[in-house]
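Note that the chains are named A, B, C, D, E, F, G and H in the order they appear, and that numbering of residues resets to 1 at the start of each chain.
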Amino acid sequence: MDDARTADSHGMTIAGKTFRSRLMIGTSRYPNQQVMLDALEASGAEIVTVAVRRVSLDGGGAGLYDALGDNYHLLPNTAGCFTARDAVLTAQLAREALGTNWVKLEVIGDEETLFPDVEHLLDAADQLVNDGFIVLPYCNDDPITCKKLEDIGCAAVMPLGAPIGSGMGIRNPYNLRIIRDQCSVPIIVDAGVGTASDAAVAMEIGCDGILLNTAVAGARDPVKMARAMRLGIEAGRYAFEAGRIPKRLYATASTPEDGIIGG
Amino acid sequence: MDDARTADSHGMTIAGKTFRSRLMIGTSRYPNQQVMLDALEASGAEIVTVAVRRVSLDGGGAGLYDALGDNYHLLPNTAGCFTARDAVLTAQLAREALGTNWVKLEVIGDEETLFPDVEHLLDAADQLVNDGFIVLPYCNDDPITCKKLEDIGCAAVMPLGAPIGSGMGIRNPYNLRIIRDQCSVPIIVDAGVGTASDAAVAMEIGCDGILLNTAVAGARDPVKMARAMRLGIEAGRYAFEAGRIPKRLYATASTPEDGIIGG
Amino acid sequence: MDDARTADSHGMTIAGKTFRSRLMIGTSRYPNQQVMLDALEASGAEIVTVAVRRVSLDGGGAGLYDALGDNYHLLPNTAGCFTARDAVLTAQLAREALGTNWVKLEVIGDEETLFPDVEHLLDAADQLVNDGFIVLPYCNDDPITCKKLEDIGCAAVMPLGAPIGSGMGIRNPYNLRIIRDQCSVPIIVDAGVGTASDAAVAMEIGCDGILLNTAVAGARDPVKMARAMRLGIEAGRYAFEAGRIPKRLYATASTPEDGIIGG
Amino acid sequence: MDDARTADSHGMTIAGKTFRSRLMIGTSRYPNQQVMLDALEASGAEIVTVAVRRVSLDGGGAGLYDALGDNYHLLPNTAGCFTARDAVLTAQLAREALGTNWVKLEVIGDEETLFPDVEHLLDAADQLVNDGFIVLPYCNDDPITCKKLEDIGCAAVMPLGAPIGSGMGIRNPYNLRIIRDQCSVPIIVDAGVGTASDAAVAMEIGCDGILLNTAVAGARDPVKMARAMRLGIEAGRYAFEAGRIPKRLYATASTPEDGIIGG
Amino acid sequence: MNGSIKVNGEARDWKDQSMVDLLGEFDVAAGQSGVAVALNGAVLPRDDWGATRLAQGDEVEIVYIVRGG
Amino acid sequence: MNGSIKVNGEARDWKDQSMVDLLGEFDVAAGQSGVAVALNGAVLPRDDWGATRLAQGDEVEIVYIVRGG
Amino acid sequence: MNGSIKVNGEARDWKDQSMVDLLGEFDVAAGQSGVAVALNGAVLPRDDWGATRLAQGDEVEIVYIVRGG
Amino acid sequence: MNGSIKVNGEARDWKDQSMVDLLGEFDVAAGQSGVAVALNGAVLPRDDWGATRLAQGDEVEIVYIVRGG
């Protein structure tokens, strides 16, 4: 795919850093660690997300950092935080633990939908930007909220396509198109992607990247699905850059019609 | 992509012949011949479609055969035929001209929609199968018609996703799924694909391949769109083989929830 | 609703006969006969469909005719016929039994999908039209087939919205719109309607009527659903006649913006 | 329709007040005042929305109140306000002008999309509830925001189906269903409805009412579209109460299959 | 005289009966509406029921109206 | 006495008028329904219109009901 | 000898020519690939082009491969 | 000296230990990467772990990197 990749004139640039892959992938819920490592490699992703959790009294846990730290940009999230206060402290601990000032900011409003709490999200984003973080906020597909996050100084916006882990795809492509029109920072569709065509659709709208986890980790064959996602994102991006034909209700012949036998 | 391709356990096998690429692409309506040649190469297709037309008194026309004959399997179509009689003669002339007994059978019922005439199509398919042809019929997405074409002995069925050149994508995925359930010959979605995600959707339903032309030839950058289609088909096929996660209305956390700070 | 009905400038005219209601409703699969009678009345339908079956040795069966004959136009169908021959004889027996030359022509191609067999359907329609029948053919949403049925002399075409009893609604509104453009006989959407909005959608496309059964008979409250369907059809028809606003991606203020406080 | 209406066991109850009609309709952008009055009557609505604006130096403006005050519940909106401060003062002025403590609260975040500013909306709603208002907030389809508005004490939530005046219908029915599950106050779909089937769809999801304006005022025949909307809402509500059949990919025969001729 | 006829696809003794006799066995009255009869693949108008005697090997279809969609 | 007041965002001469006087200039009758007034950012109940004299620098909003969605 | 033949739907003088002669007029070489010929509604294999003489009233179709979808 | 501290939300005996001592009980080595510590709601940089002695009532959070989405 190298020829293809280089042919992608843009790449994905966030906070001045350029990545060849437009996919960010999570590390959770794989059948086992080897499948995870194989899937991450097949996905072509350079950025993988991790979480921070309290050390349990029975110790353990250094393993993940050692397994991934050398090969990937580890992007810590603040999953599970319901308040700006918890999210900010979690981000600061993650920065200390990983030595990175990048954070995937999640402030959840409800355990059933895992939709973000917009008020707390904006508050936390503001605090973290002022504290020197590169903030990548998981948000809903509300254009107003996305614009505010951009104005606060977030390095990208990460609207959901559908609830986390739902696999429902891009439920409202219209809002994503409006966000694309109104925001100049990169748009990463976070959550909702269930299969390769969902990822392609997001890219064809003009989004810059995709963050996913369950769709790959929960597939019957995670490694094959990881490859499918990588290809789907590349396909959608090329289609976006290539400029598709307009949609028509009626047909237009592809084969010229002069000189037909019996014609 | 070689590793990827070999990882595709199936490939596409029609009439006992296996092709690495699941894409068949047309040769019409490109800005110029060089763009066509570059797009065909970028598409990865091994089968390209051509038409047969009356020689015009001002001669010319041998060019296409020379340009493509050595590198691609040329699949002649019967585009523009409105009767079984014209389609059969056109197929026989194509066989003589190209020395191939494969034919993309088109019998059109209406110039505005270019939808097939099912009665004439079944008649022509029957005559050509009995005359020793490998018949690939362009048909509508009617499961009954597809099953009849299979029973007649067609080597594949090629239901339309939407009118030729409309770029409307897969208008009725439900019918394609029913056809997938009921037919055992390969299913090639012919017509309607407008962008890469359309191709991916068709493959995720379980179709075996895609035939397209206008979506690539008419794109602002045909070569880039050709690459997008190649990747979209591979992405959709891998996703189909990988076994996607089920769709849910509500969320399921990807990050485990124990040990959350303040939790 | 009388004011409303008379306000409907068109009504539904088939074979020169005008009906106030655009709904045709089936008589099968209701919890019991009283619920059926109440649902038929609530639906406002003037045409109800019935079938003809062999008299069983244990007699019975005169009941239905007595219960409905006086209040409704009984439209016999040829449900369950798989050949033109069976369908024609069934139609002729129905004509003798009911003294009507109207028939809902069904020639089924497959028991799983209950999709029509287009070849046999066209053959049977031709025979019955020549035998003096008013033929209302249940067909698929293929514009070519619908046009042929019109040319044969059918009094209407009745394309399916989705498989019989599936409740999937109008799966391919694009084809219905094309059929609307190309046919001048009334278009009755037969099969697929699952709820009131499905019926409204069909009418908004410009279809002339709806034929349904399972959606009402199988609802938790068939009488209430019958009323819902009646209203949904009227709503969709008025909306079609009223001329809807165009769709826009962006907003247009409904409230004028001059004189806003603080503005 | 009286029998029908009384058959609707619920009606729409907001803040302890019950309305027979589930439709709220705006008064803006009609061709002229008589068409507006005829459309309002045809719609069956009991609640109509109005705005408050600065008196222009050339006087005038008492007309509307006189024309509508006796026959409808006038619901003032805060359209055009971009801050909580302006919205609160506008609501207080409307209360003084109309002698009602009901308000349709709008706090806009962007002139192009007219999407709400969630932060300011929540702030204004809180102030107005504490000031004794019955607050009906126009909000986005974010379940978290809707729940917060309910917890603040709003008498209903009014999520948008699509941008105001876009006529795009219900873009994300999934979110509305989640809001339906999570909120116990009435849900009024405000904005986006373009035609009768859109209104029916919203009601079938289980929403309690619809607020619209442009779809009627901008139709080619506003009076007929007003009737269509009234019927569409009733149709959708009855369908919701009737309990629709489940959706199936395959068919189920409506006509019993025993006793078929030749069977 | 021992032959047979076929009624609605099932064999039955031939008793040199008239169509009206046969219909009576199915509780179908002469000229009853909502019912129709086919004799050897062709519709037999109700006015001809009385005058019609059945012959050995005749195939009869007796149908009536039932619920349908 | 040459000062000014602000009415609906626009400067106007201050003539020591009462609110009722000012409203009259806008064809608004005393206590007219469908109209409301704010004085310096707070609603002024219609019952107080008569008793209210305007002071230099006062900011007045006079609004009425119009069509809206 | 004044008759005519029909080539690709258009009348042409008959000159008692061979098929190869006729094809020459269309710049088609003997046995050229990518081209096919039908004589009176049936395909004429390229090997028979040389041996075939045209008769008055013959209908000939000469086709070649073009771009198609 | 019988007081207590709180570690990851759970009470624990206070033994006048250093942070490094405490971390040792969780198999966390001094300066180990992938781990972070908060003391009374503020991050404690790894360089300060050694010099930090715990006081009665201190609240400590010890976190590490785990799989996440």
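As a working rule, a residue touches a chain if its C-beta (ideal position, glycine included) is under 8 Å from a C-beta of that chain, and two chains touch if they have at least 3 such contacts.
This structure is a prediction, so every number in the text was calculated from the model and none was measured.
Counting only chains that touch, the fewest steps needed to get from chain D to chain G is 2. If you compare B-H with D-F, the chain pair joined by more contacting C-beta pairs is D-F. Between chain B and chain F, the centres computed from C-alpha atoms are 73 Å apart. For this pair, chain B with chain G, the centres built from the Cα atoms lie 33 Å apart.
Rounded to whole angstrom units, the spacing between the C-alpha centres of chain E and chain G is 66. Rounded to a whole number, the gap between the C-alpha centres of chain E and chain H is 96 angstrom. Contact of a single residue of chain A with at least two other chains is seen at positions 26, 28-29, 51-54, 77, 79, 89-90, 93, 112-113, 115, 164, 168, 174, 178, 213-214, 249-250, 253-256, 259, 261, 263. Among the residues of chain H, those touching two or more other chains are numbered 8-9, 61, 63, 66-69.
Every pair of chains meeting the touch criterion is listed here: A-B, A-C, A-D, A-G, A-H, B-C, B-D, B-G, B-H, C-D, C-E, C-F, D-E, D-F. Across the complex, chain H meets chain B through its residues 8-9, 61, 63, 66-69.
The residues of chain C lying in touch with chain A in their complex are 174, 177-178, 249-250. Those residues of chain C that touch chain F in the complex are listed here as 253-256, 259, 261, 263.
Note for the complex: chain D touches chain F at residues 26-29, 36, 49-55, 57, 59-62, 64-66, 69, 74, 76-77, 79, 89-90, 92-99, 164, 213-214.
Chain contact summary for the complex, chain A toward chain B: residues 1, 4, 7, 26, 28-29, 51-54, 56, 77, 79-81, 83, 85-86, 89-90, 93, 112-115, 163-168, 191, 194-197, 199-201, 204, 213-215, 217-222, 224-225, 227-232, 234-239, 241-263.
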